[in-house]
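Look for subunit A in each of the two complexes below; its partner is subunit B in the first and subunit C in the second.
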Partner chain A sequence: MQYLNLTIDDIRKALDNKEVTSDELFNEAIKKANYYQKDYNSFVTILDNYEKVESNSILNGVCYALKDNISTKKILTTASSNILKDYVPVYDATVYKKLKESGAVLVGKTVMDELAMGGSGTTGHTGIVRNPWDITRQIGGSSAGSAAAVALGIVPFAIGSDTGDSIRKPASYSGVVGFKPTYGRISRYGLFPFASSLDHLGCFTRCVKDAAYVIDVIKGHDDKDMTSLNDDNKEYSKSLDNDIKGRKLFYIKEALECDDNNSELKEIINNFKQTIEKCRSIGFEVDEISIDNKLLEALYPTYMVISCAEATSNNANLTGISFGPRPLEKNVNDLIFKARTTGFSELIKRRFILGSYILQKENQEKLFLNACRVRRLIVDTINKLFDKYDGYIMPSMSSIAVKFDEKENQVSNKNFAIEHLLLIANFGGMPSISFPCGIVNNMPISINMTSGAKNDELLLNMAYKVEEVLGYKGINRGDDNV
Partner chain B sequence: MIKKEKLQEYAKKLMFDMKDEEYETLAKEFEIITKKMDIIGEIDNLDQIQPMTFPFPLENVSLREDVASNTINIEDIKVNAKELENDQVKIPKVVE
Partner chain C sequence: MYKAVIGLEVHVELKTASKNFSTAVNGNSQTHNSNISEIDLGYPGILPTVNKEAVKKSLKVALALNCKIPEYLIFDRKNYFYPDLPKGYQITQLHHPIGTDGYLMINTKDTVKKVLIHDTHLEEDTANIEHLSNYSLIDYNRAGIPLLETVTEPCLNSSDEAIAFLEALRSLFLYCSVADARSDLGQIRCDVNVSLMRENDKELGTRVEMKGVNSFAAVKSAIECEIRRQTEILDRGGEVLQETRRYDEVADETYLMRSKVDAIDYKYYIEPNIPPIKIEKEFIEAVKKEIPLLQYERINNYTNNYNLTKVEALTLVKEKELSDYFDEMVKVGIEPKIACNWLAGFILGYLNKNYLSIIDIKITPKMLKDLIELLDGGKISIKQMKEVLTKALKENKDPNILIKELNISQITDDEEIKNIVNEVLDENLNLVSDYKAGKRVFDFIIGQIMKKTKGRVNPAMTSKILKEELEKR
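Up next, the complex of A and B:
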C-alpha cells in the first residue's frame, strides 16, 4: 500500500489510525525518490534521516520536498548552480523552520533552473528534469523538481518559489496544483533572492485543499523579512467550502484571440470555454473584458527588464569568497573572475549582461524606470477591475509541455502569449493559483485564477469550488507498483 | 546589432567572461529583446506615472532597535570557510 500519492487528509487519517507510521512514510518517500531519480531527476539531495517533532499540526509526519534555493542549516543548498555546488547554509529559512516545527518531514532538496532564472527545468547543474507525463517533454521551471516530486506521488506537497511563473508553469505542465499566495504572506527569509520585488514562495500539491493546509502552516509575519505582511489570522482550509454564488470573475478577450492554425491552442481555448460554462453552472458570474493590447504586449519586456536588473544586483554576492567553490588564484580579482566565469552557466551570464545593460546610467530612465512605470500601469488596470470582480480566470499556458528539442531558453519572437498573464500576479503581489482542467494530446492543461492582493482566502475558496466541477483533482503519474 | 566589444565590456564589469560563440548568441538575443523593450516606450504618458518598485506599500517599514537579535555561532560559520587561521577566514591578499 502506498500513502504518499494520497491527499493530506487521507495521509493524516492513516497516521492517526496507526495504519502507517511516519518512519514508514519516510521510507516510502526515499524509496520512490531514488526509484524515479534516474529517469526524472527531481532531487539534488535525497536525505537519509529526519528528526521527529511533537506537534498537533495536520502536517506532522507528512513528507515533503523543498526547492534547492531555500536555506536548510547543515543541508547542502545549491540553487542548482555550480557557483554554490558545495554551499551548506548556516541557518534555516523561516519557511523550513515553520515546516520543521509542524513536524512535516523533509525528504530532499529539489532541482531547479539555475538560480531560479529560467522556465524549462533544463539548466540545473545536476541535469535536466523530465516530465512525468512524457519523458521527452520538459516539465517547465524554475521549480521543476518540486513539481515532478508531487506529480510522481513521491510527496504530497513541495515548496517552490515563483518570480514570474516558476510555480504555476511547472504545475500546469505536470498536472498538479501550483499556488503562490500574496507577496509577503510567506516570509522570504532564507530564500535566495532572484528579483526581490517579484519573488514569492508557494507550494505544489495535488488538490486545492492540500495547498490551503500547507499555506496555513507556512504563512505569517516574520521580523526577519521586512516585506513580510502582518498575519491575516485566517485558516484558509476552514473556508474552502464557503458559498461562491454571485462571485464575479472576468477573463481577457484579447488573450483568447488565437492563431487559427494552432490546433493545440484551439483545443486549450475550447476547454477554457467549457470551464467557464462550468463556473457559471455553479453560481459564478463570468464576464469577458477587454485590455489594451499594448499593455498585454508590454508584460514580458517589463518582466525581463525588472527581473534581469534585480537579479544582476542580487547575485553580485556570488564571488567564490563567501560561498561556493573557491578557485586558486593569487589575487582577489582573479579569484572572483574565475569563480564567476566557471560558476555561472551561459544563460545566467546572458541574463546578467542584459541586467547590467539595463542598469547603465544612460539606460536607467528609458528602460528600468519606464518598466517600473508600466508595471504600475498594468497593476492599476487589474486592481481597478478587482473593485468590481473577485478575480480573473484564464488558461495557464498556451500549450502543453514542450519537447526538449523546442528551443525553450531562447527568447521568443512572439510579443504576447497567454502565459505572460501569469506575470501580472508577480507585478502586483496577487495570490494566484493554477490547477488541472483537462487533457490535450495526452498531456495535462490547467487554468489559472488570480485575485486581488491579500485575498488569499477567497481565491482558495473559489479555486476549491471550481476544482470540484472540473474532475481532475488528485491526478498523479506515480507507478502503483514502486 | 550591438558590438561584441560592448558586451565584453559589460561582462568584465560583472567579473566574468564568455566564449566567442556565447557572445554571438547574446548579440542576437539583444536584437530581439531591445525590440521588445521598445514596446515599453510606446506606451503613452509614461512620464506622468510613478515607477512601481514593490507590489504594494509595505506594512512593516520601521527599523528594528539596534540590538543584536540573530546571531550565528563561530562553529557554524566555519562550515563554508575554505581556509581558516585562528578562527579567522583567510582570503588571498587584497592589497599586493
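Up next, the complex of A and C:
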C-alpha cells in the first residue's frame, strides 16, 4: 500500500490508526524520491534521516519537501546555483522551524530555477526537472522540484516560493494545487530573496484542504520579518465548508480574447466557460468585467523591471567573501568578479545587468519608479473591484505544459498572455491559488482564484467549493508501483 | 585671498545594546567576529529588524539639532561592492532622513555661529578591515552597529570653526547620552568637504572631499592642508578639480582617490524589507522631554544670569555631569560665583589631578552648601574647609560628618575665647610685660593661642579679645 500519494487527512488517519509508522512513511518517501530522481530530477538533496518530534499537529509524521532556497541549518541549500553549490546555512528559516516543530518530516530539498529566477525548471545547476505527466515537457518553475515531488506522489505537500507565478505555474503544469497566501502571512525569514517586495512563500498539495492544513501550520507573525502580518488567529482548514452562496467573482473579458488558430487555448477557454457555469450552479455570482488592455500589457514589463532591480541588490551578498566559493585572485575586486562570473549562469547575469541598468541614477525615474507607479495603478484597479467582488477567477495558464524545445511566452513577447495575470497577486500581495480543472491533450490544466489581501480564509473556502464541483481533486498522473 | 567653505559629514556610532538591524551585541570586543549573527554576515535569506533604541537616539539628536522630523521612518539601500559590506548594500536613509533642515549654535573663539544642518540620518556601520602585507582580515563585530550621519551645509569658514562645530556636536551626543563618540575607538569619523572662493564670488568653488578623517586634530590639519593645496592651484591660475582625496596624517598631504568621472552610482532605492514606520507625535514629544539643555544654552545662562565669565562657563559645560552638578549647587542655594569657584577651582582641580570625574564623588551639592554655610558663619576657617574637602574627596565621605569626627569646628564663643586667651596670658606673663613695654609680640601671642587650640579659634574674634584682655592687664 502506498500512502504518500494520499491526502494529508488519509495519511493522518493511517498514522493515528497505526496502519503505518512515520518511519515507514519516511522510508517510502526516500525510496520514491530516489526511484524518480534519475528521470525527473526533483531533488538537489535527499535526506537519509530525520528527528522525531512530539506534537499534536496534523502534520506530525507527514513527509514533505522544501524548495532549495529555504535556509536549513546544517543541510545544504544551493538555490540551484553554482555560486551556492556548497553552501550549508548556519540558521533555520522560520517556515522550516515551524514545520520542524509540528513534527512534519523533511525528505529533501528540491530543484528550482537558479535563484528562483525563471519559469521553466530547466536552469538549476543540477539539471532540468521533467514533467511527471509527460517526460518531454517542462514542469514550469521556478519551484519545479517541489511541484514534481507532489505530482509524483513522493510527498503529500511541498513548500515553494512565488515571486511572479513560481508556485502557481508549476502547479498548473503538473496537476497539483499551488497556493500562496497574502504577503506577510508567512514569514520570509530564511527565504533566499529574489525580489523582496514580490516574494511569497506557499505550498503544493494534492487538494485545497491540504493547502489549508499546511498554511495553518506555517503562517503567523514573526518578529524577524518586519513585513509579516499580525496573527489572524484563524484556522483556515476549519472554515472550508462555509456557505458560499451569493459570493461574487469576476473574470477579465480581455484576457479571454484569443486568436482562432490556437486550438489548445480555445479548449482551455471553453473549459473555463464550463467552470464558470459550474461555479454559478453552486451559488456563485460570476460577472464579466473589462480592464484596460494597456494595464494588462504592462503587467509583464512592470514585473521584469521591479523584480530585476530588486534581484540585483538582493543577490549582491553573493561575492565569495563571507561564504560561498572564494577564488584565489590578486585583489578583492578580481575575487568578487571571478566568483560572480563563474557562479552565475548567463540568464542570471542578464537579469542582474538589466536590474543594474534599471536602478542607475539616470534611468531610475523612467524605469524603476515608473514601474512602481504602474504596479500601484494595477493593484488599485483590482482592489477597487474587490470592494464589490470576493475574488476573481481565471485560467491559470494559456497553454498546457510546454515541450522542452517549444518557445515560451518570454521577455520577447510584447503582448499579453493569460498567465501574466498571475503577477497581479504578487504586485498586490494577494492570496492566490491554482488548482486542476480539466485535462487537455492528456495534460492537466488549471484554474486560478485570487482574493483581496488578507482574505486567505475566504479564498480557500471558495476554492474548496469550486474544487468540489469540478471533480479534479487529487488527479494523478497514474500510479507507478515503486 | 580666498575664503574657505567647509562642509562636514560626521558619522557617530550610537550606544545601544544590540545592532541596528540584528540582535547581535553592539560593543567592543577583544575577540574578532564574536559579536555577530547571520544578519551581520549578510547570509542568504536574512531580514533586518529595526532597533527601536537606535531610532529613538537618532530622533533625539535630530530634535536637539532643531531638525524637521518626517512623518514616516523610511530606509533606503545604498548598493556597492566592498568586502566590508557583507550584504552588498548598506541600509541607510537618503530620501527621508530622520532629521532635515536643522541647525546647531556653537561658540567659536570670539563669537557665536549658527551652523546649518542639512540632515541627520540613521544607517549601519560596515565591517572593519585590517590590511596586512599581502592579505587582509575582516572583523564583522562592527558590521551593523547603528551609525548616525550628520551632514552640515557648506557653511564653515575655517578649520577652527570646523573644530568648534565638531566639539559642540560631540558634546551634544554626550549631553543626550546617545553615543560615547570616542575617536580613539573609531566611534566618531568625518568626511570633510573643502572649496575656496574669492571674497566677492557669488558661487561656491569646486569642492574636494576627504573621506574617513578620524580625529579632530586630523580634521583640522586636513582642512588646512587642503586650503594650502587649493590656494596654490588657484594662485597659479589653475583649476581645482572635483574629486575625492585621502588625507595622510603622517605626510600632512592629501592624495587623489578618485575623480568625479569615477564617482560611484550607489543606485539608491527604498529598502523593501522595512515597511514605513509612522513616527507618532507622542513619541516625538516623549523624546523631546529627554533632551537636556545643551552647552550653548547653558553658557548663555551662566554668563547672562549668573555673571560668570565665558571662560568659567566653558569650563563648567565641558561635561554635562559637571554642569548638572553646578546647577544643583545653585539650586540648593549656593551663590553661583561661589559655587563656580569651589567647583571649577577646587573640586575640578582635585578631580583632574586624580583622573576622576564628577560622577565618581559622593559629596553632594547639599553637603557643600552646609560646608559653605559653616565657612560663612565663621564656624570654620577657609584653611579648614579646604582640608576637610580634600579629605572628603579622598575618602569619599560626607565633609560635615568628617568635621564632627575630627572635631574641627571653630571656637566662636566670646567667653570661651576669653578664657583661652587668659589661660595663655597667665602662662606667658613675660609676654604681657613685653607687650606693655611696646614690643611687637602680639602676633606671637596669637600664634600661641592657635597652637594651644590647634587653630580652632576664630582668628578675627581672637585678635579682638586678646587686645581687650591685654588692655585690662
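Keep in mind that, in the parts below, the second predicted complex is superposed on the first by the 473 of 482 C-alpha atoms of A that agree within 3 Å, B and C clash if a C-alpha of one lies under 4 Å from a C-alpha of the other, contacts with A are read in each partner's own complex, and residues count from 1 in each chain.
Quick note on the criterion: contacts are C-beta pairs under 8 Å (C-beta built on N, C-alpha and C of every residue); 3 or more make two chains touch, one makes a residue touch a chain.
From a predicted model like this one, the values you see are computed outputs, not experimental measurements.
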Which superposed partner A:F352 touches (first subunit B, second subunit C, both, neither): first
Touch check for A:L295: first (subunit B), second (subunit C), both, or neither? first
With the two complexes superposed on chain A, say which partner A:F192 touches: subunit B (first), subunit C (second), both, or neither. second
Looking at the overlay, does A:S71 come into contact with subunit B only (first), subunit C only (second), both, or neither? second
Figure out whether A:M226 sits in contact with subunit B (first) or subunit C (second), or with both, or with neither. both
Check the contacts made with subunit A and report whether subunit B or subunit C touches more of its residues. B
Taking the stated contact definition, name every residue in subunit A that is touched by subunit B in one complex and by subunit C in the other, in rising order. 87, 90-91, 197, 223-224, 226-227, 312, 319, 321-323, 332-333, 336, 356
So in the complex, which bits of subunit C are touching subunit A? 38, 41-50, 77, 79, 81-83, 86-89, 136, 138, 140, 265, 267, 269, 272-275
Within the complex, which stretch of subunit B touches subunit A? 7, 10-11, 13-19, 22, 25-26, 29-30, 32-33, 36-37, 39-43, 46, 49-56, 58-61, 64, 69-70, 72, 76-77, 79-80, 82, 91-94, 96
For the complex, give me every residue of subunit A touching subunit B. 73-74, 87-88, 90-91, 183-184, 197, 221, 223-224, 226-230, 294-295, 297-298, 300-302, 304-305, 312, 319, 321-323, 326, 329-333, 335-337, 340-341, 344, 346, 349-350, 352-354, 356-357, 366-367, 369-377, 379, 410-411, 413, 415, 426-430, 453
Okay, in this complex, where on subunit A does subunit C touch? 69-71, 77, 79, 84, 87, 89-91, 93, 188-193, 195-197, 223-227, 309-310, 312-313, 315-319, 321-323, 332-333, 336, 356, 359-361, 364, 368
